[in-house]
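The two complexes that follow have subunit A in common; it is paired with subunit B in the first and with subunit C in the second.
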Partner chain A sequence: MSEILERLCKISPYELKKEEKDEIYKRALSELTKHHYETCPEYKKILDAIGYDVNIEQASEEQPMIPVRLFKEYELLSVERKDVVKTMTSSGTSGQKVSKIFLDKENTKNQTKVLAEIISSYIGKQRLPLLILDTRLVLHDRNMFSARGAGIIGFSTFGRDTAYALDENMNIDIKSIQEFVEKHKGEQILMFGYTYMIWQYVVCALREVGVRIGMENATLFHIGGWKKLRDQAVDTLTYNTSIREALGNVKVYNYYGMAEQLGSVFVECEYGHMHCSNYSDVIIRRTGDFSVAGFNEHGLIELVSLLPTSYPGHVLLTEDEGEILGQDDCPCGRKGKYFKIYGRIKGAEIRGCSDTYEQH
Partner chain B sequence: MTNIEKYNEAFISSFGINEDALCGLEYQGIAQWDSVGHMQLIAALEEAFDIMFDTDDIIDLNSYERGKEILKKYEVEI
Partner chain C sequence: MILMSNIKYLAGVEGISNAPLTPYSDEVCSFAASLSAALLKEPEARKYPDVMTFAFWCRKGNIAAKKKKWDERDEKRLGRGLVFQIAPSNVPINFAFTYMFALLAGNATIVRAPSKEFPQVTIISKKIKEVMEQFPAIKERTTLVRYPADNELTEKFSLMADARVIWGGDATVTNIRQCVCTPKCIDLVFADRYSFCIINGKAVEETSDELMKKLAENFYNDTFLMDQNACSSPQMLFWEDATEEAKERFWKAIYDFAKSRYNLQAASCVDKYTKMCQDAVGKPEVEKEIRIENLIYRTVLKKIPEDIANFRGNSGYFYECDLKNRDELIGVITEKIQTITYFGIEPKELQKWVINNHMRGIDRIVPVGKALDIDVIWDGYDIIGMLSRVIETI
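And now, the complex of A and B:
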């Protein structure tokens, strides 16, 4: 772990204010850019082509960004291939190319550690009984380890006595859920799942059979695309209300992250704002000329993370649209930028973890 | 079963390996000890010793030898 990451792990994950963060990021990102330039030949070619000088420290906004799509076209590594312990593939429907992200031990460990820092700031350090709102089947084929399976296993670190809400055919297993809830009566229950699949296979499935699960104190983290839900006119409020109708007293946190930057995720706070943590930042780019947009201005989301060391993914231009709502002054008290996501730009591929699930 | 036997058995059953493979074994060192295998190992150790690891220790437990050190925190002497 780099010196900067070690320092950040000692403070709460939403503590850095603008000035301090700008300074840290200028140094840390410049170091990362230089590291990738020296170790990833394709990355070097790109930087040489645009005439970028890695020896000059630059602010976040001036760092060279890589379009996420590039990870589909090329195999970008900043470590020796023999040191790769895990190759992550992004979700993609058949016919689409998938991203390949190469992780070494160090990078994997940092991702896990940082995800733990962020999530435990919401639920505490204690491991909680965990109900995965998915099927255990996604973990089976380890060779084709998808972002969906990785998300589940990554989250398992925060849980204990893990149970699954769906059976192998994606049918809701009401009996198992009820037994799990009964067994952990009086405890806080943790749940994890993918946005659209929870809607389809848990909320709608329970509604269909007219069953309500009476959880007394639960917290749900969910991640994945909203496209299919928007098509059905389901917004955040409807979603959260329906979750509570189906499952009981549940605190619902949506979070956002990409296979290309696992670990440094963005969590939506109680006020409906996505938050950058100390480990990540967001910049909005104008679609016309890629200049930096101001607050409350629509544009393309650029994601910055301090974690990627084994692949050049520390500064990524996504295909998502969003806007920054403010910085350091969210009523929830968390520092850093907070923002809103509007989803994929038109013409981009569908690739959210939950949007790409196909019924067979 | 002694503690060392229980400890070894957790690795052997989680990864389907022989006892002579244990010494020097590291996370990601064999195909079975990946992130999925890791959570199986954690569950096996917790059950064997009736303990619950902190999240930080789950992340830290990255080798056969390191696990013995970590278990000391839970008053389990291997």
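And now, the complex of A and C:
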């Protein structure tokens, strides 16, 4: 673990204020950029082509961005292939290319450590009884095993006595849930799942059969896209209220993270704001020229993380849109930037005469 | 079974005639002139520059000039009969041009219009429908139809056709050719092509500010206007005798012109940036990448690539390369190459160069600004000639 990460792990994950963070990031990111430049030949080619000088320390905003799609096109490693202990793949829908993220021991360890720092700041350090709002099968079926399975395994380290809310056919297993709740009466329960699946297979499924689970004290972390929910006009408030109607007294935390930057995730606070932790930052770029957008200005989300060492993913240009709501002054008390995500940008509609007939 | 609910007749008749006319017949020429006048008068049509281009193209004087040139051939010809045409699905205006080409050659024609409902298609078909009421010979030779791609109608029409005209690139051509046609039927196909531009740097340096602006407008029309994605839009710029200053001047002018006009989509910005990184990683010819905001991406190459047709960008993504000697290009010109647009170069010289070097590609040599000007000679085809037959006497 780098000296900077070690230092950050000693303080609470939402403590760095702007000036201090800018200073740390300037140094840390410049070091990371130089490291990847020296170890990842593809990354070097890009920086050489755009004429970027890695020997000059630059602020976060000046660091070269790697577009997320590049991880689908190329295998980008900043370590020897023999040192790779885990290859993460993104959960692309069928037919799409998937991202490949190569992790060595050090990078994996740092991800686990940082995720633990962030999550435990919400639920405490003790391991809690864990209910996964998904099927056990996702861990065993090779076809399903992608970011979805890895996310569950990753989260399982915060729990004990893990149970699953869905059976092998993705049907809600009310009996198991009730037994689990009964068994852990009086304890805080931890839950984890994917945003849309929870909605469809837990909330809607319980509603359909008219069953309500009476959890007394639970915390849910969920991650994933909102597109399908927005199509059904489900917003955060409706979502959270419906979770409580279905499951009882549940604190609901949505979080955001990409397979390309696991570990340094962004969690939504009680005020509905996504937060950067000490380990990550968000920059919003204007689409026209990629200049830095101001607060409350819509643009493309660039994600910055201090963790990626075994692959050049510390500064990423995503294909999501969002806006920064503020910095260091969220009423929840957490420092750092807080922001809002609007989801994936609309694909480009290109004119032209060489079209593919089959698509029309 | 053909699902009638998916078929929409935009103009003309369902039971089409297949009796040929002579090329540039009076009926067709008058019809073209009337259609042109009707479109030029229509306020709705004026909103679309491409509709205006078409209206202007089929005006009386222009068609008369073409007829005059045609008559110089001094041949007796008739149309082939019935021409079935597939218009490209994402260029709104081509269906209208290809419709007129078939008529001018003396044919009846069935045109499958783009399945996407472009307003341009609606406006033009409506006018065709109105105007043809006074031209019964045209009406009985016209079927403008819209139907989904994988429809059995394509098979039915193929079996009726004396000629098929297939636009839309490699995929469409391959697809349509799987439909059986009669043994005598000929296919005129428009496959995927690649185009580039040659610019003389000295000429750029010497040109006045005013003409520079005009050059920028012309280049914009060749590229940005169709998201740089038409077959005849240049993908690559070859510079002859060019200093860095000349290149800067050129791109600055393009930037100034395109900035306020081009609708740059957010997704295109990400696509272009991603492509820039992909090229830097995957194309060893890349020397440097220059980004002018997100409007213009310049991928500068240190040598001419052998697989030049794979160097494709869109929405303002260009490759460029210095040409020390034009003959360096000879080896990379394949049958894929369609149009050269030029500035500051003598076109006859280029034409001679193509012919003397026995090149398999390059069908069009046109000044910057004319890349997309479709006409009766296209892709190296003499369309009127190919869609008609010679009645020989000895």
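Just so it is clear, the second predicted complex is superposed on the first by the 342 of 360 C-alpha atoms of A that agree within 3 Å, B and C clash if a C-alpha of one lies under 4 Å from a C-alpha of the other, contacts with A are read in each partner's own complex, and residues count from 1 in each chain.
Criterion: a residue touches a chain if its C-beta (ideal position, glycine included) is under 8 Å from a C-beta of that chain, and two chains touch if they have at least 3 such contacts.
Bear in mind that the values here come from a model prediction, so they are computed numbers and not experimental data.
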Query raised in the report: Regarding the shared-chain residue A:E61, is it in contact with subunit B (first), subunit C (second), both, or neither?
Result: neither
Query raised in the report: Can A:E216 be said to touch subunit B (first), subunit C (second), both, or neither?
Result: neither
Query raised in the report: Who does A:E15 touch here: subunit B (first), subunit C (second), both, or neither?
Result: neither
Report task. Check the residue A:E106 against both partner chains and state whether it touches subunit B (first), subunit C (second), both, or neither. Result -> neither
Query raised in the report: Where does A:S120 make contact in the superposed view: on subunit B (first), on subunit C (second), on both, or on neither?
Result: first
Query - Between subunit B and subunit C, more extensive residue contact with subunit A - result: C
Query raised in the report: Just subunit B (first), just subunit C (second), both, or neither: which does A:R69 touch?
Result: second
Query raised in the report: Touching A:S156, do we find subunit B (first), subunit C (second), both, or neither?
Result: first
Report task. Using the touch definition from the top, say if A:E187 reaches subunit B (first), subunit C (second), both or neither. Result -> neither
Query raised in the report: Between subunit B (first) and subunit C (second), which does A:D173 come into contact with in this model arrangement: first, second, both, or neither?
Result: neither
Query raised in the report: Which residues, counting only subunit A, touch subunit B once they are in their complex?
Result: 85-86, 105, 108-109, 112-113, 116, 120, 125, 127, 139, 142, 145, 149-150, 153-154, 156-158, 160, 162
**Report entry** Of all residues in subunit A, those that touch subunit C in their complex
**Finding:** 42, 45-46, 48-51, 65-67, 69-70, 73-74, 287-290, 300, 317, 319, 321, 345-358, 360
Report summary line: In their shared complex, subunit A is touched by residues of subunit C numbered 86, 88-91, 94, 114-116, 148-150, 167-172, 175-176, 190, 192-193, 226-231, 233, 264-271, 273-274, 276-282, 286-289, 291, 293-295, 314-315
**Report entry** Interfacial residue positions of subunit B with respect to subunit A in the complex
**Finding:** 27-28, 31, 34-36, 39, 46, 52-56, 58-59, 62
